[in-house]
Structure formats: C-alpha cells, structure tokens
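As written, the chains take the letters A, B and C, and residue 1 is the first residue of each chain.
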Amino acid sequence: MVFNVVNDMSEISIKAGVLRETLDVISSLVDEAKFRFDEEGLKIRAVDPAHVAMVDLALSKSAFETYEVEPMEMGVNLPKVQNHLKGVKADSIVILKVDDDTGRLTMNIENLTVKMPLIDLSEMTEPKIPDLPDMKAQVKVHNSTEVLKAVKASESISDYITLDMQTEDVLNLYSSEELSSMNLELRKGKDYDVIQFSGPARSSFSLDYFSQIMKAIGGEKELELHLGVDYPLKMLFHIGEGEGRALYLLAPRIENV
Amino acid sequence: MVFNVVNDMSEISIKAGVLRETLDVISSLVDEAKFRFDEEGLKIRAVDPAHVAMVDLALSKSAFETYEVEPMEMGVNLPKVQNHLKGVKADSIVILKVDDDTGRLTMNIENLTVKMPLIDLSEMTEPKIPDLPDMKAQVKVHNSTEVLKAVKASESISDYITLDMQTEDVLNLYSSEELSSMNLELRKGKDYDVIQFSGPARSSFSLDYFSQIMKAIGGEKELELHLGVDYPLKMLFHIGEGEGRALYLLAPRIENV
Amino acid sequence: MVFNVVNDMSEISIKAGVLRETLDVISSLVDEAKFRFDEEGLKIRAVDPAHVAMVDLALSKSAFETYEVEPMEMGVNLPKVQNHLKGVKADSIVILKVDDDTGRLTMNIENLTVKMPLIDLSEMTEPKIPDLPDMKAQVKVHNSTEVLKAVKASESISDYITLDMQTEDVLNLYSSEELSSMNLELRKGKDYDVIQFSGPARSSFSLDYFSQIMKAIGGEKELELHLGVDYPLKMLFHIGEGEGRALYLLAPRIENV
C-alpha cells in the first residue's frame, strides 16, 4: 500500500454541488480516480478502460470553502462518495479529511460523518494527456444543450456522430445509417463564436462515449470544441462556479477503408 | 415500392404539440400508419393487428401552420417520428417534407433535420370504417378524466369494463370478478349531456384496449360516447386545438353463454 | 368463515390522506391486517411474518369525518385498498361500509364505488404487544428526516444500524463494515428532547426493517424513540392529523459472540 504521508492532517471543505459536479465529470469515464491536491488546488486525470476517452480536470483552491492541504494524492472510489451526496443540498458544506494512519477518507456533511477506505495508489495509473497540436477548427459553443440535442437525435439512428466544419460559418453535427439520418446545424454568431479556423475539419465519434460525456457536461453551459480531420475531439468547459476547468479528449472513429 | 408521385415538393408545418397528439392517438393501436393528405387536410385510419379497435382521424388544414400539399399518401413509422419529438416544446414548429425521388420523409425542428425512410404503401392496408347505425345512447362526457378514473379502478379487478346506461340519467362504468367489483356513476347534467337516448344500452369492453385508448385521449377532454347493446363503442373527441377530430371504434366483448 | 355480525350497517367516513397514512404504516410490515372498530375508534396490530417487528396503531374516532360503528372486526387486504387510493386527493372523503351478509367491504370515493371481499378472521392472528419495562433512554426526535438520513447513509455500508446513547447529550446512529462507516450525531436540544435517561443504551437493528419502517413514518415528523441495551426499539409517532398514534417495536440484532 502506498499512501502519501503528510505531517498535518489535511482538510478541505467544499460545496456539495461543486463536489458533485466534479465527481460527475470524472465518473463519466471511470469508477476510481487519483485526486492530486497541491498548492493550486485539486487535479484529476483519468482515462476510460478502453482508452477511448480522457478527462483532465483542475479545480482551483478558490473553488473550495477552505483549503488546508499539504500536497498529497489519494485514490477515490467515486460511486461511494457520490452515493452519500445524493439528496444533499447544493450549498451544503462537505468537509473532507484524510487519516494518514488508516488510509481512510472522512467526509462530514453537517451532522453526518462517513468514513471510507481510499484506494491503494500503487494500483492506479494516471494517464498522460497527449500534447496535441493546435486543431484546425476551434469554436466556443454558446449552449451545450444544442450538442445534447444532436446526441439524442443521433441515438435512434446510428452508433456514431460526425462533427463537420467545412467553413467557419457552419458546424454540422450529423449521423446516418441506411436511409435514416439526422443533422443539427449550428451557425457562427448565433450558436458559436470562432476561436480559430484554419481549414475544414471533420471527425466521427462513438455515441456511447459522446453521450456519456455530454450527459456529464449537461445543458446550459458554454462549451469549447477543438476539431480536426479524423482527429481526437477536445471539449473544454468550466466547472466549480467558474473556479475550475475540465477537458475531455475523445478518440475519433477511423472508418475502415 | 409504391409512392405517390407529385409534381411539386409537398411541405407542411405544424406545432410539435399538435403533431405529437395526433401520433399518440394513432400509435395507441398501431406502429405504422398511412397518412393521407388532401385538399382538406390530413386523414389517418388504422386498425389494431387483432382487429378489435379502429381509429379514424382527420386534422383540418387549418390545424397546420402552413399546408402546401398535393394530394398524396405516405406510410409512416410512428415511433421513429415520436422519438424525435420527445422533449420538443409544444409550440415549436415542425416542418415535414417528402422527397419523392428517395421516398424519404424530412423533418425539420428548428436547426435539427431528420430524414427517415417511408414505408412501402403497397404493404399497408387501410381499414374501412364500418357504417354503424345510430346508437341508442349517445352522450357527451364533460371530462375524460372521469372515464380514466373508472379504467384505473377496473384494472385491479377484472380484464373487462362495462358501460351501462339504463336510463338517460345515469351512465355506469363497472367491472367485477368474483367478490370484487367497482362502479363509477356518471350523472346527466353534472357529468355528461345527452345527445340522444332511445332505450337502454350496455356493452362490455376489453380493458387492454380501453386503457390504451383512454391513455391516448388523456384527461381534461370532452369525450363523446355512443353506446349500444353488445355493440361497438364509438368514442369521439377533438384534437389539434379544435381543428381536428378523432374517432375510436372498439369491439364489444360478447360473453359466452 | 367468521364475521362479526352487527345489527346496523356500520359506516365510517375518513379523509383519503388519513386512511392512506394509516394503511402505509401497517403495510410496512404486513399485507393483511385485522381492523378493530370500537367505541373509541380504530385499532390495528400486526407483526411481520418473521416476527421481527410489530406495529400497534390507534386512530381515535375524532380522526374520522363520521363514525357510526357497532364494535366489530374485519380482515383487510391492504394493497387492494391502497390501490384504489392512489391519486385520490388527500382531503377527498372515503366512505367505508361493511355488508354483513356478504362479508364485503364497500368503499365510496366520490362517484366511485368499490367492493372487495374481506378476509376470514379465523385465519388471522393478532399479536400481543409485549409489556416492555421502561427503557433507559427515551427521547423525542424533532424531525424524523434526520433518522431517515442516517438510514440512507447506512444502506451503502452495512445491513445493520446501531442507535447509541452513552450520555443524554448525544444520540449517535451509526453503522460500519470493514473500513467503511457512517455516523449521524443528534444533539440534545437541537435535535431531540430527553424524556428519560437512566443510563447508557445501545442496540443494533436490521436495516431491512428499519428502512421499511422509516419510509412508512416519513420525514418532517416528531418521533419518539425508546432505546435499551440490546433491547427492542420502540418508535412512537402521531398519525391522523394528531388524532391517532402509532407504535413500532423492532427486535434488536444480538451479535454472535
């Protein structure tokens, strides 16, 4: 067993709503994750078991109510924590402490105290986020609900969805199979702003993953999309009431020739 | 494959809520139906696979936002269309077009475009609605919720429900089995108005069908009932914000002697 | 078949909400129960099939809208009655009558009449509520929601929950298994008032039963708890808008040594 030993008992407190949002983002891909706390805040990286999607998340220490942590790492079983956050009001304060002797996490929510074992860090691997070159098409979608709408319409048609930007004026999300098809058209200005556009971009993605991810992101959010040609999709958005950011990387589906 | 060929591309637009209501009425009995568009509007007739219940529906062209259609027929897979209407606001406009070359239906809902194959009309039969003589007891029930209430109470008791009108003053809906029974009493004036009453009427109906149909009709609606003696039940109500009407015919259960 | 014969037709009326609450308390332990009506009101006692939990309930005749009953007993199938109360407004009046000739219960809810067979009383046993001595720790918990919270947090951890009161100042509800644990701390004054405290008390209970019971009690209720040392738990609360009271007795789990 490998637990980081710190001198002082580490303790943080955070709004239940912010913690829940953070866990939901990570748990869209994995059940267990390594939480790294340092001077800047909390950082989590995870890759799904099939290595199709990655998530990289950072929550600034200003997203916490109190943040008294020596740099440390802990392995967390996400559903166990999420389970105890069900039905807790978003602005209830959750206090998290690590007992270095027993390797247990203590969670306080008002008068409730829950203790749970942490996961042995030596059994966990943290993915390296690949250093992708700047992608051709980068846009800021005003409302993630539009992307969610495309995902839902695609689900009855195919197992894949394609994001396609031939000019900077239109971003199409579509899928088709045999005689059925769907297309959602997003327009520059109305639906998104262009961050960068240096040529046409188009890639297809597994709906299994894309749906999972979009459900974790949720609706009514600003969502940055970086799209290439048969290239991984980068999705960036804010969490923690603006005091954090999350990045998904989703591998493209390369069609068999 | 048999598709009606028209010169101009046919196009109609309709509120999502009205289209959803129309499809719900038909899909209570069948999964596929023939939609007939003519100068007056849309007409649909269907009979369930066991030939126990029929529906005959007409939506006036005034129920549509725009209606530019050459007379034509198309075979529609109802769940496929319904699926794309889920979560769409009732007053969103849905545009429907038929591509005569490919035999596909195109549906536009704001920035979403969905295309789906139509069903070969040569494989579809449209039932003839029998020309039933005037029935003995004809009433206008003020609120379909009362009939729904009777259906729900019956479901835990029997597989059948009986509608019984011995005088024009009372309409009883009841079911019984062994020692259990339920009776819902509707009264003239309070619960219904009499359209015609020329003698006692009583018939029993399968709850499987009656429940299905009442769920499609829904609550809080005016509902016309025509009842005979061991005779099919006629149920008439308005759809499309008053710009359409639907008729169900439900075969009676004839008790074995 | 044994039915109590009375001269006059017995008839009571009661608000649907009060009847539903009463049935929910009993049906947390059994599907069938003997209802005893006497000059004071309705009394019901039941024990679950495994004889782990008992309920003893009394609804004063003032909890009824009308109460014209000769003393009598009837055997009721609870789910059958509950089924017909679904969706009925809490302040709708339910009229209950017993037909002594046929042994059937008639239930009127507005214009709906339901008849159902009663259960043969000779096949029913009514438990004797044991005459337990005064327990060491007796408290009045201000809000049953706190206990519900402890039950929910326990369910992901263990099959048992322990109630523990070492001093009169703190009541702990906890459960643990291997490295996981949860503890909910209730404090005197803030969360409960002390009725009596004559020494430490602690007992453990099966969550299967405790959850069932707490769901029937519901949240936002004052709840009296009598706790001993490895002793049955007594739970008392009001029903029927204050015109009735219910008592649960739950056997402790005695740990194997």
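Rule of thumb we're sticking to: a residue touches a chain if its C-beta (ideal position, glycine included) is under 8 Å from a C-beta of that chain, and two chains touch if they have at least 3 such contacts.
These figures come from a predicted structure and were not determined experimentally.
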{"item": "Turn needed to bring chain A onto chain B - CA fit, degrees, nearest 5", "value": "120"}
{"item": "Interface residue identity across copies chain A, chain C - same or different by half", "value": "different"}
{"item": "For chain A paired with chain C, centre-to-centre distance based on mean C-alpha positions, whole Å", "value": "46"}
{"item": "Multi-chain contact sites of chain A, meaning residues that touch two or more partners", "value": "none"}
{"item": "Sites on chain A touched by chain C in the complex", "value": "80, 83-84, 86-87, 102, 104, 111-117"}
{"item": "Partner chain B, residues of chain A touching it in the complex", "value": "146, 149-150, 152-153, 156-157, 176, 178-187, 191"}
